[in-house]
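I have placed the structure first, in the form of structure tokens, so that the comments after it can refer back to it.
Which chain is which? They are A, B, C, D and E, in the order written, and residues in each are numbered from 1.
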């Protein structure tokens, strides 16, 4: 257990010190918040109708864009090799990486999503459903993304592969997630949507670690 | 301890070695030789289970290595071309993580290891601001810390100054004298006081095909 | 580029001279700033008449407008100083530019904050995507960019030069931002809250405003000097005159 | 002149072989096209009103995300050092990099933008203005982006700096660009907008190479 | 040809060297010595104009180097710790680009250079699939190709096998014998037949502060 914590701490430390942070999920998220009104329409009535979908699409893209880094830098400087030959459990390591990715993407996004909601004039009733749906939905995004990242980390010419692999897995989350917020903003019940997001979360938490570890070994040892 | 039988490896339709066999026992140093591109790194990675592109059998303490990976990893210290040093972390943070990752790195405290490796006073400098040799020293601090019996080292002396090389040689000598095993590659003339080194040349291997 | 400049220009390049001259000017600026700002504030907040439409909430103008104006002038000064530093390799110019950035950024923040506070009662929203608001936000981004860039470099001289390049690029861009944003907004929003169509203010309202603006300029000058002086001392800590200064005190 | 061509050819070759292509502008652009209808609303009437803004925001983000790579990989493997000590003109080299970035981002985006326009039900009259505005507007995005990339390439702790530096420079292009398409889709004249985009283009082409070269030298030599 | 006067360099408030002065003339080899982290790489980068964090004067053929950068870059061949080899390109493509970038790399054709450097048969392999030494060889092919008078080499022998090292030493000897200048760092015992090497030790520099 304490190894898991140490691994999360290391990854968080590295994330804070990372230099090439153009794909920083938070920055991306906020940029969308600034650009969308400028590009599409500054009017509150237009923006507020779009806000649920736009915020969820932005969150999803933010996750997708940052997912490639989960294993990449460790692969490039030999740290991943060291992890593979270490006696520590790969499952814990991989879970630490997923959790860290979620903390710097999904969790942060959920925390600042009320700000974005304000910038896009999301009706007040939609804010709570937004935060909840992001909190429930984004961990699955990190896990699915990690599977794709693990499969492609050893490849020298990945191309757009990872996006292609991950996108189909992301779409259900997007649909249920934005559905939650739309329903919430209109004052409809959201429990059904949240239950679906929860089910996806449980399912992916149970299965994805095995998939990630297997993918990682295949990819690095190729 | 480690036995290799009839190992064959091919990359990009170029046979690197075939029919390779050797045994390494306690207290032995095996130096893999060969010109650039002869397959030394590939061989070491195969031994560590980091490359699967091979045919043949590898045994660890008499048992097929795939069955005893867990135990083997406990007994192994591997330092590759890339030492797995994070440029964004300081030497101290790097060492702390290495010691978490491999519980066999427990001979000294972090501060002692940093001192031994010649980085006293640099513990708070992020590694990207260290010189090439200093970065390599961070990775090689593992040699001071390790109590693992088998060491596999790929060009451990790169970028080190003469004093650094001599220190590492002394460490290797100490390790084998206390019954450890070292398999390494280097283009440097290795000197292990009081030990004879076994050599294996991969050039002859390739031409033997 | 070798253009002959007057003598004071080269004197200005000397940290020593800058330090001496500012130790003379600094008390004056501080004093005038204090007097003007107190006068303006008391007049504006207490004695100026109430607005017939907005009531007392309009009084925030006495902070809002000076900060908004200063935020823009400060950027210009920063860019000009940066440009001088790049072209004539003058270290003092970089010191001034570096001292400008945080002051300008805080002015921009103040302008935004006072604007937002004012916006709530008048427009019913903290924030609208209006032309001036957006361009002020962009100005704040530029400031933050300059500050972050300066501090991201470990080698001080490189940080100065990089920030100067960015400030110059930004200055070219500022009119474009202003123009584009204003134009964009009028296209989509029609007649919204254009700030230019203000009702003709009575003198009892704009006189204190003018005093506040001048007071803010002096205040800015004073802070700029004291920041620059600290920076000079830090950078020249190895110079003899600084060492003797330290010994004296 | 032929050195410029050789440099462009090299950069294009590298771009095609690049492995870490999660920030591939084209893929990103298409992903937005897929996700937006799923997340926001599948209705043609809603989408068609938003299409001009959404497509332009997507193009802009696509450029922004890929801009960091302009000098980064060359810096990391020592190629940039070699360029700085070479007797060849840095101006040409830098222009080659900008042109190459534009070809794989802006130009490609303009070429496939009709597809995206179709996916988002942009009215037919808007397609030509869209392509034209992208062709005119995106080169400036590549140039502004290159300034930011050059300023930050030598930094080990850039954080989200480049996005911050570049965003203010991108906003005018976004406003005029989406304005063009909106006007076009409503059947209004677009010549005025295009002239403004053209003016920005001319202006940035004249000035930005100097800024990029200066920034690059400062940043690498720091 | 190259003259350095009163050079001072400080990194992270650590003085690396100060009051450093030397002159290098035609036909001379200057080897910069010093332990890891003593500032050898930093010094070479200052000479090449790749680092501005220094104080002091550098003259190239009697004129301040900042005024004659253009001419200096024409006369310079620099190979750093990182050789500027693109992993995604093949050896051939890499060489083709190097020769475009520096017109002084014109002694041989690409094919000849690849052959000399021992990569015949590997010209179409992307560099990421080459061994460490082979990748280094791609970068060092510049030495065979260059007609530039002044060479600045940072640890040129890293990762090379013994034959590779001997070949590069012969190249350096040939270059200085024909009137060139070489400034280099290496932790290896350099042997230049028929030439005496000048040494400069940065360790003494630092302790002299």
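We take it that a contact is a pair of C-beta atoms (placed from the backbone, for glycine too) under 8 Å apart; a residue touches a chain by one contact, two chains touch by 3 or more.
Owing to the predicted nature of the structure, the values given are computational and were not obtained by experimental measurement.
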Chains touching both chain A and chain D: B, C, E
Chain whose averaged C-alpha position falls nearest the assembly-wide average: D
Interface ranked first by C-beta contact pairs: A-D
Taking each chain's C-alpha mean as its centre, the one farthest from chain B: C
Centre distance in Å when chain B and chain D are each reduced to the mean of their C-alpha atoms: 45
Chain centre separation in whole Å, for chain E relative to chain B (CA means): 29
Centre-of-Cα separation between chain C and chain A, whole angstrom: 40
Residue list for chain B, restricted to those that touch at least two other chains: 81, 87-88, 126, 129
Residues within chain D bordering two or more other chains: 17-19, 155-159, 161, 164, 167, 171, 175, 221-222
In chain C, residues with contacts to at least two other chains: 134, 154-155, 158, 184
Chains that touch, pairwise: A-B, A-C, A-D, A-E, B-D, B-E, C-D, C-E, D-E
Complex interface listing, chain D residues touching chain C: 147, 151-152, 154-155, 157-159, 161, 164-165, 167-169, 171-172, 175-176, 179, 196, 200, 203, 207, 211, 214-215, 218-219, 221-222
Partner chain D, residues of chain A touching it in the complex: 17-24, 26-28, 31-32, 34-36, 38-41, 46, 49-50, 52-54, 56-57, 60-61, 64-65, 67-68, 72, 155-160, 162-164, 167, 171, 174-175, 177-178
Chain E - residues contacting chain C, complex: 12, 52-53
Residues of chain A defined as touching chain C within the complex: 34, 37-38, 41-44, 118-119
List of chain E residues in touch with chain D within their complex: 48-53, 70, 73-74, 76, 78, 80-89, 93, 97-98, 100-104, 126
